[in-house]
Amino acid sequence: MGIPEGFRTHVGVHRLRVRYADTDQMGVAYHGAYIPWIEEGRTEWMREQGRSYRSMEEEGLALAVTSVEIQYHVSARYDDWIEIETRLEKLGKASISLAYRLFRVDPEGKRGPLLASARTRLALLGPRGRPVRVEKEFFSSGN
Amino acid sequence: MGIPEGFRTHVGVHRLRVRYADTDQMGVAYHGAYIPWIEEGRTEWMREQGRSYRSMEEEGLALAVTSVEIQYHVSARYDDWIEIETRLEKLGKASISLAYRLFRVDPEGKRGPLLASARTRLALLGPRGRPVRVEKEFFSSGN
Amino acid sequence: MGIPEGFRTHVGVHRLRVRYADTDQMGVAYHGAYIPWIEEGRTEWMREQGRSYRSMEEEGLALAVTSVEIQYHVSARYDDWIEIETRLEKLGKASISLAYRLFRVDPEGKRGPLLASARTRLALLGPRGRPVRVEKEFFSSGN
Amino acid sequence: MGIPEGFRTHVGVHRLRVRYADTDQMGVAYHGAYIPWIEEGRTEWMREQGRSYRSMEEEGLALAVTSVEIQYHVSARYDDWIEIETRLEKLGKASISLAYRLFRVDPEGKRGPLLASARTRLALLGPRGRPVRVEKEFFSSGN
């Protein structure tokens, strides 16, 4: 049981590409598009810890986002490759806070400017929407 | 029982406004944005028939979209008022086909150009995802 | 010139309805859906000050979102009416910070629970993406 | 000049994963989510022909979607891998019609059921939104 060490220290790195659907008429990615992007970063970070969010839901658990903060530094553009860094920021009794950094990367994978920084707080909920303890339940089953 | 006459003949008219989130870097509304718009048209058309989709789901029924067709004629632009006309096109045993026309309207509500035409086919499903008969179930409960 | 008094004190109130497209498989509105909602609140709040964002862009100005914060308190559900309160929180030289509160309202318009609180910081940009002064430029033209 | 042979016959294959943001409260992917998916398929199919849509826009050309048709066969689910097949269906003077098939694939990449079939018609537009000839302009510049 307990929480694997990697869960506390692992930095996830995930890449995606900006879709035309993500852009707006300012000619850059719409600021709301970053929310599904950091969701992808979080999902892959979890998977790298041996925990798929899909299997978590199948076991009756859910991670509900209770807050989001995003700072936008440089605009992401259509067709850009974006690299999302995800790491644990704080581990509460029934919540997890994650921090994200989004970079532009060139086609060879070299990092360009920091585009945005973000933070999400997630509450771990059990079957009837009750808060459950991260330490006990988050890794309680395999997947 | 049976199907109210209005259900067959009523033309729903619903208005909404193009959001910045709906635009893309071509400077017009993204073609995918029209799908939630016609969904709004359909929802309000149903409500005008005394049938809210929310209450339908609470009774264990669902309308699953099985096909969508959209023809784009004139671009919708940010902040435009859009008027969506919704009408029944065909009533199957376990399906409903709806047709939509989207117009730009000026601030006084006068119709401008036809922006797009669309069609959706919806299957009526019961509790375990089985097709159920529209004539029997669609209006079987009040709301 | 100068900034109209209402701009500093006016509380905008705007209503919208949760679309099916806004929901996710948790059975509630997806947390990212709130970003276009508060955008609608902001747009209408500006319009109530005599300033349409569309005309602002036509004059070569843009409001770029530089940060977003949202706290989620109670889930919004499909077909809910949502009331968005928008007010100025802080007026910088070349930026505006707005605060939002989102409430569920019943069909008669009576307010229910506070669903979410949010904050956005917006930078006012001129023709070549340069920061411009809010006091001088924001209300410099009519619309 | 002329049109490379591959452009007429190449079948593009692109994979993506269903995001939580793509789901709705029916517990499956929202039908509108398929539009950005087939856009990804189209973009990668073009890139495989040596033509990036980003560079095409930088040259003053645009592909405007003039119609979309989607038939939904089997629901896509959260976290599913989706494989999108893209091929040229018809080459008009100033338009291109593409056909798509979307399959679920298992983690090893083996194809499961056909989830959806789609078709888009795209008009090739020049600098002032005028139709331009595909044969002459589509491949006229490198990228």
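Labels A, B, C and D are assigned to the chains in the order they are written; within every chain, residues are numbered from 1.
Everything below uses one rule, namely that contacts are C-beta pairs under 8 Å (C-beta built on N, C-alpha and C of every residue); 3 or more make two chains touch, one makes a residue touch a chain.
Values in this document were obtained by computation on a predicted structure and should not be read as measured data.
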Chain of greatest Cα-centre distance to chain A: B
Whole-Å separation of chain centres (CA-atom averages), chain A against chain D: 27
Distance between chain centroids, defined by C-alpha means - chain B, chain D (Å): 25
Junction residues of chain B - those touching two or more other chains: 20-21, 25-26, 32, 35-36, 39, 57, 78
Chain contact topology (line, ring, star, complete or other): complete
Contacting residues of chain D [partner chain C, same complex]: 20-21, 23-28, 30, 32, 78
Of all residues in chain A, those that touch chain D in their complex: 17, 19-21, 35-36, 39-40, 43, 52-54, 57, 78-79
Complex contact set, residues of chain C against chain A: 25-26, 31-32, 35-36, 39, 57, 62, 64-72
